[in-house]
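Note that the chains are named A, B, C and D in the order they appear, and that numbering of residues resets to 1 at the start of each chain.
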Amino acid sequence: MTHHETEAETVYGIMAEFEHEEDVLEAAEAAYARGYRAMDAFSPHPVEGLAEAIGFHKNRVALVVLLGGLTGGLSGFFMQWYTAAVEYPFDVGGRPYFSWPAFIPITFEMTVLFAAISGVVGLILLNGLPRPYHPAFNAANFATASTDGFFLCIQSDDPMFEAEAVQAFLTEFEPKSLSVVPL
Amino acid sequence: MSQIFHPSANTLARVSILGIGIAVLGGVGGVFAYVRSPYQTQVQVIRNQPVPFSHAHHVRDVGIDCRYCHSTVETASSAGLPPTHTCMSCHSQIWGSADMLAPVRSSLAENKPIVWTRVHDLPDFVYFSHNIHVQKGVGCVSCHGRVDEMPLAWKAEPMTMEWCLDCHRHPEKHLRDPQDVVRMDLVLSSQEQQAKGKELLMRNHIEPDRLTNCSVCHR
Amino acid sequence: MHNSELEPMPPNAVLRPGHTFASVTDKIGSLVLVRPYELKWFIGFGIGFSLLMTLLFSAARLFYYGVGIWGIDVPVMWGFAIVNFVWWIGIGHAGTLISAILLLLKQEWRTSINRFAEAMTLFAVACAGMFPLLHLGRPWLFFWLLPYPNTMGLWPQWRSPLIWDVFAVSTYATVSLLFWYVGLIPDLATLRDRARNKWAKMGYGVFALGWRGSAMHWHRYRTVYMLLAGLATPLVVSVHSVVALDFAASLMPGWHTTVFPPYFVAGAIFSGFAMVATLAIPLRAWYGLKDFITDKHLENMCKVMLATGLVVAYGYMMEAFMAWMGNNPNEKFVLLENRPFGPYAHTWRLMMLCNVIAPQVFWFKWARTNVYFIWFMSIVVNIGMWLERYVIVITSLHRDFLPSSWSMYHGTVWDYATYYGTIGLFTTLLFLFIRFLPVISIAEMRELVHETGHKHGRPETSPGSAS
Amino acid sequence: MSKPESISFDEASREKLETLQRNASIAGVVGLGVLLGAWVVAPSTFYPAYLIGFMFWWGIALGSCGLVLLHHLVGGSWGVPLRRPLEAAAMTILPLALLYIPLAIGIQTLYPWAKHVPEGAHEHLSPWLDQSFFLGRAAGYFVFWSLLALAVNLWSSEQDGRTDHAPSRRLGVIAGPAAVFLFTSASFGAIDWVMTLEPHWTSTIFGAMLCIGGLLSTLAAMAIVLRQLSGCNGISQKITPDRLHDLGNLMLAFTMLWAYFSFSQFLIIWSGNLSEEIPWYLRRSRGGWEFFVVALMFFHFLTPFFILLNREGKRRTRYLALAATWILVMRVVDLTWLIAPATNDLNSPRFAWGTVILGIPAVVGVGGICVAFFLSRLKRQPLVPLNDANVVAALERAGG
């Protein structure tokens, strides 16, 4: 097992490059069926079903957005009620201090503002960005992952990871190229 | 493909985002602190005067009533600064030749008022009247602090709008009987003050609801 | 460069067939990365920049002398500044409409113009936001509009639509920026990977945040992008509704009418699409983008202009009809007398010509397919919608309830300088954007290539997981 | 292109529809019978209640016609399973034209301007609100709407028999102008029949607000129709989750639009607080009507809004039909709130129990006739207009 451990210390994973998205989808599904779990796929545009193929089903950003929106709306309404009806009650044209119809537009805007900001912040944080350096960039031809290359990487931290076996497994799918990605 | 960034760039990126956040918050916080600092409000900042007039000496040691010099405080918007004659009513008799008082004597001789450095200066768009405040029972000390303990005058309170409103919303906290208005050392417990204040609100026909109307101060 | 290998353009295509992932990436990316600085770019940028300097000079003069250098005076206290504000913000709305609503409606013709439209939104909002601030009289105290614990103990007046405007416009600017940036991240990664210059690599790399196209990242990305689109859609409606309420919540005859919110929104889209056409037509000619911004796009824009123009006409009709039916003498005076026959009648008539009569030509296909004619019409609509705001603002104010205070309003040279100056700001930002960022979303174009190339045998799917 | 096989009902579904149609007719007759009794006993309670029922189904008839025209204009996959139900529903304007007759008879009971000729400041209204001109206008509207409904139906069935797209192209040509005139005439219909219940009150958004409400009712009604049709052979394959999702999103959008239009009108009038405008809302927020306001906020907007946010739910007919039923009930509540308090006296506000209760048989009675007519139209034709240019394009894009 010492062989495996040293590998895990120096190797990030084995990266296979494919020409078509159907190929990477097929390889990813097969790898998941084979039992690999620590893996990632890379594509220049979202590929339908690819995240599900590597075992990623539910993302929580929608929840983050919902919570952000609720926070924004409630705090917006509370702010207006508190400042206009409690902190500084002020008669304007005989309108009630608690003029709820007039508070609706700002409540709405605050809901949208907070929802949008929490969505983007949530996206960046949950994705672990910013991360300008990443081992995946060490892979051969990886620059094409943002043009027309599709990649599948089985990572060395997978309990089943064994370099030769993974290489042999990925070769079955006739990748365009195969490279060992150093850490 | 070769890496564009060194691994340390990951840390750098996070630290710089955090740093920008902290800098923005710090900047806003700094401005908040600045506008409330004595540098901006001049609270407890001693202003140099042409004559080093000591309220502490004249009020506490000598026992002169506020209204002896600020004679229009009960009847006019401005409390009034004493004319040189008021000074000379005593200082022609005592300390008549003190060097310290040379500007006072030359003021009298040349018939030119002494140019004091203003300590309390409200903005021009605020219509403040000493008269109404004194008549309704607001003590001098509420706004000007313990003047009897000031060797040279300073502002005791920030006199921001927030500060004005604080009292206009709850005037009962600061009202006192007419005979106590100029008293510097009156201390009441908060219950006593509350009871007294409520009573004076009624007696002086003060309606706090209307005291926060814009046009009370901005006309 | 690739055109020779490509198939000819079919009439209804939103993308010329034959493009591959690499060819769209190459074509759009090279506009930024490879293409040298050209004289025509410098000319365009130079014109924009000199107008921008006009803006800075006029604003500096305004700061020094105050709003007296403008034509506003009793009773017309809202002049060019408000007209331009509403005009610009309306132009911004088309951008969001294209990028968000068409995304939700799964209209694939949006893909090639959304980036450009979003950028237009941002720049238009920047121009729009400037006017209320300059109009403040003491612009350096703009932060008084925000709710923060201040030494005055005051809070904003929440019952005032002008405060709603502060929230609406700043939310709109923020959300538009976020939407635009999120859309840009994958493209920035593409540029980072394709740039040859080290500094360009670094520059794009910093803003790409290390995007590497991971499947999990894309999964979250699509959710967020759809959610942002879902948020931006009602936001856009709310923003122009709040702008409409600036007028409608008051009691001025000609302003206080319930149809204002939806009819302002329609007017905003109307003028916004006109502005997209005004900019897109020369842009696609200069930059060889006819493969991506096709004649189909222009035709669709004409249809949207026709539809929204009709809604605007419906608004005019209802205002006039209800003024007659409600029989409020002031309302009747403004809508049935002062606007069509008063001293500003020529403005009103020109507005009717530009906004109601002229767009009816878009019922005919020849009008929607002739590029030169579309461009001409887009200018007509831009003028018409500027005049609409002028008519609304000026004719309601210049003859108020008290005939002794009636007077005429005319913009001064500084009003015009500020207005043209914001056009300069807009142009400058636009030319910088064209030079440094991809004008068309490369990642989404790749998706479009994928979709048009795999039309058959693929199950029907809707993008994203947002509702 | 080979001629696609036509999709029509099999025996079982046909029987189911027959039963439905019979039940609807019975409901219609019973409902109208109850109303007839009420008319004899208390005409002043009957007319506003009848107007509620009439306006509800009128909104669906015109909304259906409008959505058909919209589909001819913009196309789209959502229209594939909806086109025939929408066309059939558009035809219900024919029975509605007959069902308008009681309102024409009751014009003097229903409309204060017909009882007493407008005078003073509102004298100018007399040409517009002249009784014969008013009824003449109504007749004109019905002629136009009926011709339009006939055109979208007849040309569409003509298209079924041929593959050259000429009739659907013809519909494509008239769809634009027809939609414009439909929206305008529907606005004026709403203004004439509902807004003039209080002739001294005007609102420029009112016509459009009622049109949006009608479109929302139409979409909800169509969701229920799809639920009923989902068991039928042939069309069930066309009711895909994606198309249901589109329909659900449209319902969500129109729920939001309804709230937007209604709230805009309220906020502007509330802010203005003018004596000529605000009584309209005062009449509708006193004497028990304030509960309607709360109900509309929570159950006509917030509840459907959150129900329709659920992505998974929108893809199932059952869920969508439940949401649609909820919305239709609230549409009736909204129309009741718009119509019934028109005579509310501000000095002694009271709740119009009679009108509200009688509104139920009105909706059922008018609805029974309309639904029966709708079903009889629906089963007469193939369920998907497979030769229609827009449907062909949508099916091609969807790949099946």
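Keep in mind that, in the parts below, contacts are C-beta pairs under 8 Å (C-beta built on N, C-alpha and C of every residue); 3 or more make two chains touch, one makes a residue touch a chain.
This one's a predicted model, so the numbers in the text were calculated from it and none came from an experiment.
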Between A-D and B-C, name the chain pair that shares the greater number of C-beta pairs in contact. B-C
Once you find the CA centre of subunit A and the CA centre of subunit D, what distance in Å lies between them? 44
How many angstrom between the C-alpha centroids of subunit C and subunit B? 51
Would you mind pulling out the distance in Å between where the CA atoms of subunit B average out and where those of subunit D do? 69
Distance between subunit A and subunit B based on Cα centroids, please, to the nearest Å. 58
Subunit B residues touching 2+ other chains are 1, 4-5, 10, 13, 165
Mind pulling the subunit D residues that touch 2 or more other chains? 267, 271
Interface hub residues of subunit A, defined as touching at least two other chains: 88, 90, 93, 102, 105, 130-133, 137, 142-143
I'd like to see which chains touch which, written out pair by pair. A-B, A-C, A-D, B-C, C-D
Looking at the complex, which residues from subunit A come into contact with subunit D? 93-94, 101-102, 104-105
Quick one: in the complex, what on subunit C touches subunit A? 20-22, 25, 147, 153-159, 161, 163-164, 167-168, 171, 174-175, 178-179, 181-182, 186, 189-190, 192-194, 205-206, 208-224, 227-228, 231-232, 234-235, 238, 241-242, 245, 443-444, 446-447, 450, 461, 465-466
Note which residues of subunit C are touching subunit D in the complex, please. 104, 159, 161, 234, 237, 241, 245, 248-251, 256-262, 306, 310, 314-315, 317-319, 321-322, 324-328, 363, 455-462, 465-467
Contacts from subunit B onto subunit A in the complex sit at residues 1-10, 13-14, 17, 165, 212-213
As the complex stands, subunit D meets subunit C at residues 77, 121-122, 124-125, 128, 176-177, 180, 183-184, 187, 201-208, 240, 242, 245, 249, 252, 256, 260-261, 264-265, 267-269, 271-272, 274, 276, 308-311, 314, 397-400
